[in-house]
Amino acid sequence: ADDVTLQLKWVTQAQFAGYYVALDKGFYEEEGLNVTIKPGGPDIAPTQVLAGGGADVTVDWMPSALSAREKGLPMVNIAQPFKSSGMMLTCRKDAGVASTDDFKGKTLGVWFFGNEFPFLSWMSKLGISTDGGDDGVTVLKQGFNVDPLLQKQAACVSTMTYNEYWQVIDAGLTPDDLQVFKYEDQGVATLEDGLYVLEDKLSDPAFEDKMVRFVRASMKGWKYAEANSDEAAEIVLDNDASGAQTEMHQKRMMGEVAKLTAGSNGALDPADYERTVASLLSGGSDPVISKAPEGAWTHQITDKALN
Amino acid sequence: MRRSVVPVLSVVGFLLVMWYAAAVWLNAPWAYDKATRSGEVLTTSTLVADTWSQEKPKLPAPHQVGKEIWKTTVEKKITSKRSLIYHSWVTLSATLLGFVMGTGLGILLAVGIVYNRTMDMSVMPWVIASQTIPILAIAPMIIVVLNAVGISGLLPKAMISMYLSFFPVVVGMVKGLRSPDQMQLDQMRTWFASKSQTFWKLRLPASMPYLFTSLKIGMAASLVGAIVGELPTGAVAGLGARLLAGSYYGQTIQIWSALLMAAALAASLVGIIGIIQRVTLKRMGMA
Amino acid sequence: MGWLIFAVVAWIVGWMLNVWLARRPPSRLTGLASPIVFGITLIAVWEGVVNGFEINQVLLPAPSVIAVRFASSTAILWVDFVQTVLKGALSGYVIGCGSAFLIAVAIDRFPFLQRGLLPVGNFVAALPVIGMAPILVMWFGFDWQSKAAVVVVMVFFPMLVNTVQGLQSTDAMQRDLMRTYAAGYWKTLLKLRLPAAMPFVFNGLKIGTTLALIGAIVAEFFGSPVKGMGFRISTSVGQLALDLVWAEIVVAAIVGSAFYGLMALVEKRVTFWHPSQRN
Amino acid sequence: MTEKQSVISARNLDLTFQTNDGPVHALKDVNLEIKDGDFVSFIGPSGCGKTTFLRVMADLEQPTGGTVTVNGVSPEEARRQRAYGYVFQAAGLYPWRTIGGNIRLPLEIMGVPKSEQAERVNRVLELVELAGFEKKFPWQLSGGMQQRASIARALSFDADILLMDEPFGALDEIVRDHLNEQLLHLWERTGKTIAFVTHSIPEAVYLSTKIVVMSPRPGRITDVIDSPLPKDRPLDIRDTPEFLEVAHRVREGLRAGHQDD
Amino acid sequence: MTEKQSVISARNLDLTFQTNDGPVHALKDVNLEIKDGDFVSFIGPSGCGKTTFLRVMADLEQPTGGTVTVNGVSPEEARRQRAYGYVFQAAGLYPWRTIGGNIRLPLEIMGVPKSEQAERVNRVLELVELAGFEKKFPWQLSGGMQQRASIARALSFDADILLMDEPFGALDEIVRDHLNEQLLHLWERTGKTIAFVTHSIPEAVYLSTKIVVMSPRPGRITDVIDSPLPKDRPLDIRDTPEFLEVAHRVREGLRAGHQDD
């Protein structure tokens, strides 16, 4: 069997259920693949791992991948299982945030580490400065959890529909207490959780073939997970080596993730790509990417895998 | 020894009381917050009861942490991924490997510094400078780079442990290997002892008390290294991963129990060295 | 290949230069020159190896690249320095060392506390304090106050243990002398115990310097405003701006070494009388 | 001649140290009377309790039996009144203070005014022939000079009693002879009462009006020899038959004590 | 009587230490001849270069001028041949080795076979009357016993020359007398050549066949006194006029050296 190493963007959770299902259900095996899934974490840059040869393929967000590409690391999107973005800004109503006009003068929690790009381009689109002051917003680098919102240190924090939002709810706040801004609704959504490989490797037919089989099996895993959400969550739990995840949270997460993957058969929709690039290019004075990238995605793999 | 039992117990008792009080104080805002939103009124007793039993408190009460530790050590099979003993073992193995490597490196460097003037003059300032580099910042890079050359698993974590633990060993051992006074060295000269004889029969035994002191510090540092090394390995397993996962999901109780477990681990490792120290020095007639 | 040869040659030349320096009669100059030569050698070897093996800049940038980035980012580095070092590390260091010192004096006064607090203190000192960082960030907010708090926790116990040990380091004869003068507690403290404790106190202060810096940087990983060395390091890794990451690390190493050196200098002045300072 | 006043008096003194290996009987049934202006030497093999006895007088050790009075009051009271100066075996100067600063130390503690401090420091520095070394640090002086500084320190506050525990133990013979001579002069001039521990028979005989011979396990007084030597003693007196006679008696007493080994 | 062979000979020896405060002239123009079987004592005030001289003989210090030969060869060669045993001022036993282990140490280093080691250790332990203490650790012994153990260690490999630097400096007089007696016996029995540094005039006179008086700044030999005392010397010899006569001469020599201060 051929070895494939997949680097995840984050810790083992239902966000990556498709891959774990494919592994657990033997879909990879059926394709003659021996897949190793490496969980990520707050300090893991999947791009760096890819560059170091620690993985063949990685899950990453497109802004981060495009930025890496401009830094000279030629990453290419070979598949896009996530159709829509799950990112949103969750605010406390009692902090006085009801619409985007209320942001000025507030403190907002944002994820950095390559995830700040959509936020920055959103703010520039709104014409709000991010350097603090009365006319701008004070940005705080949010840690791994939603504490700043609970402790009222920030008026809003970044959340994913499938994860952090529910942590806020679990903590005791009700949806009525909250005002959420989905990036999708604000027109600043960028592509999340795609599969990326290094460009030069794609010209190797053996590697290409491996990836074709990998994407095919992964998508099979994703579709199975969508259909059998609870079972998928159980599989994720079985694979969580830290033993920190709870069943309730993962089942719920799987339900939400299924909504995001629902519209995708795995092939990247060029329109989504263009929208993402446009959004990133408009990133104000300090844009994430300075010019439209070329060759940052390919249907080379999905064409073969899905037909 | 027995003299300190009462004072230690009273200090621990005092700390527990303070802990409970702090838990009330820190968790009260959230309790009030909840109460206002649901329109309840809190009496003192319901407030206290609430602050000591929140699911994600700012500061969990001692009994909450105790219960969590009990649940994750005694009530879980040690092979289970939810067992703290399993995670302690993961951390422990990296700690011990890193400690052994760090001690070895530290002793080698110390011998080099003591025996080689060139090394003495040039290396020591850089050994100090090396410790000013924030290890957590480069730990992920170390892991990625080692990954790139095909090293993964236990070893990268152990390397970070080594990085933190070699320093106290170098400092202590340089002191220790230099602790024989001029007269003792002259003695060796009068017997026309070779360099290696002087090392094995004089410098090394003379450095033992220093060695053990450094080993204790090195062991504690090594544990910190292993935990730090676990954060960027993808939060897979180990006490560091528990800490991180706890932090990621706002599970303060889980953080605290991992933290206390780590402290207990550190204390027992240091304690074991202490016992070895006492036995060895006693047999050497130095205690 | 050329670069690799360069690395090997640099190593040999640097080493021989140091051997030559070591043979010369010791002086201030040779004492300063040889670590510098060693450092330059290391950097040259690094440059050679990175270029020779064509290591991806995303993994490990060459020193020349780092230097260029350093020069062009001084404004950012300065802002981060102020945030992390001046606000976080320094204030935490002062508070932590200061309170540890005072508490040590109090402990020393009451043997009961000494016997009770020290074992507990030693236990806590072995605790991986880094793990406290997320908790303290949660308690004290994301700005520099929480960084200072982490620093306080990190420097407190080494300082406490050292000071207590120092206050007990007087020998019996020195204390007996005070007794023969019928000197009271405060006089004995002021004229005997504190001066005698100074070498130990400075030990604690020196250990604290590197801990303070590490603590302040690491705490920024768990939440921070959008400035600070830890913030920059963690976000730049995500953006693959490894040159900036290393520029920050260089700042950290320089500041840490300078801080340590400063304390060593003050120590030399204050404890000029101690045999270890008289060589 | 009128009977001189008793300055230190020990009655049935007993002192047992509790150690891990069981009790050590450091002093047993010790009786002694030291009169005003006496120069009393204590001699005896190592561990016989000389230091312990001196420390009891100085209230640095509590007897487990019997009584001691110093100037008619308890040692503790005497210590509070700063009735004695104590010179330890090692110089024990504080390394972070200059010689002047070390001598000033007891004066600062006793609250002597600044101006008087300076004057006294000068006076005692001259007394021990260390004028000009006030600004030096202890480690910049030879062992003998350090020892003299430590004596100056004990003299600075002018107590009537001087307790000296082997003050010249670490010095070479010539320097020791010299300091012995000076100590005698000082004693003559000031009329202080001195209790002096030594290991050297000639030193004890040369200096004292009274020699107390002690023996160990348990520490007790085996002999008290009153010296027949005149008050005025040139160094050459040590070659006289009277001197040798006394020295012989002391040596015999010591040897008897050693027999038990 | 045939002329005895020269064992140690110094010609125009000079030694200057370079220190931070400028050069220290520790030995200047020193000439001395030590013959086979001699017992030579070095006496002089502190800092006059006694230790330095002994260290030059032992190749622990390099002279800056003049020559020394030991057994006709250079000190370094003599050291290679393990021609001498050196006893330092402090006992300097390794605390982590038993008394036996300490004495065995030079034998291990010199590669003496195990069986012989044990035998030799027993022999020298008996020689210094420490049989039965082989398994004890140094700190379990009194200062005098430790000093004897250190002498035993220097004797263990049976060098013909013994260099002793104030070996009894830290002991009390009675113990010291005892060890002096024993050292004399040992010397008589073995016919070793001994160079012995001391501060004590009686000790020097009692032990030596030749007394070298030194004076400081710069360190030089001011007098060499051949002792007229017989080889057989009971302790009481110290009360005889001949003894006092020699002692007097030594003291005069010493005092002359001190005059410069």
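Note that the chains are named A, B, C, D and E in the order they appear, and that numbering of residues resets to 1 at the start of each chain.
Simple rule for what comes next: contacts are C-beta pairs under 8 Å (C-beta built on N, C-alpha and C of every residue); 3 or more make two chains touch, one makes a residue touch a chain.
Small disclaimer: the values here were computed from a predicted structure and weren't measured.
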What is the set of chains touching both subunit B and subunit D?
C, E
Hop across touching chains from subunit B and tell me the fewest hops that reach subunit E.
1
Which of B-C and A-B has more C-beta pairs touching across its chains
B-C
Based on mean C-alpha positions, I'd like to know which chain lies farthest from subunit D.
A
Centre-to-centre distance between subunit D and subunit A (centres being mean Cα positions), rounded to whole Å
85
Counting in whole Å, what is the centre-to-centre distance of subunit A and subunit B, each centre being its mean C-alpha position?
35
Taking each chain's centre as the mean of its CA atoms, how far is subunit A from subunit C in angstrom?
38
Roughly how far is subunit C from subunit D, centre to centre by C-alpha average, rounded to an integer in Å?
50
Interface hub residues of subunit D, defined as touching at least two other chains:
none
Multi-chain contacts in subunit A, i.e. residues touching at least two other chains, fall at 42-43, 45, 48, 52, 143-144, 147, 151
By residue number and range, which residues of subunit B touch two or more other chains?
58, 136, 140-141, 144-145, 148, 247
According to the definition already given, which pairs of chains are in contact?
A-B, A-C, B-C, B-E, C-D, D-E
Touching residues (chain side subunit E, partner subunit D) in the complex
45-47, 142-143, 172-175, 199-201, 239, 244, 248, 254-255, 258
Subunit D contacts subunit C in the complex at 55, 58-60, 79-80, 82, 84-86, 88, 90, 92, 94-96, 105-106, 108-110, 137, 139
Which of the residues in subunit A come into contact with subunit C in the complex?
42-43, 45, 47-48, 51-52, 64, 67-68, 71-73, 112-116, 130, 138-144, 147-148, 151, 153
Where on subunit C is subunit B touching in the complex?
15, 18-19, 21-23, 30-31, 34-35, 37-39, 42, 59-60, 112-117, 119-120, 123-132, 134-135, 138-139, 210, 213-214, 217-218, 221-222, 229-230, 233-234, 237, 242, 245, 248-249, 252-253, 255-257, 260
Listed in rising order, subunit C residues that touch subunit A in their complex are 56-59, 134, 137-138, 141-142, 220-226, 231, 234-235, 237-241
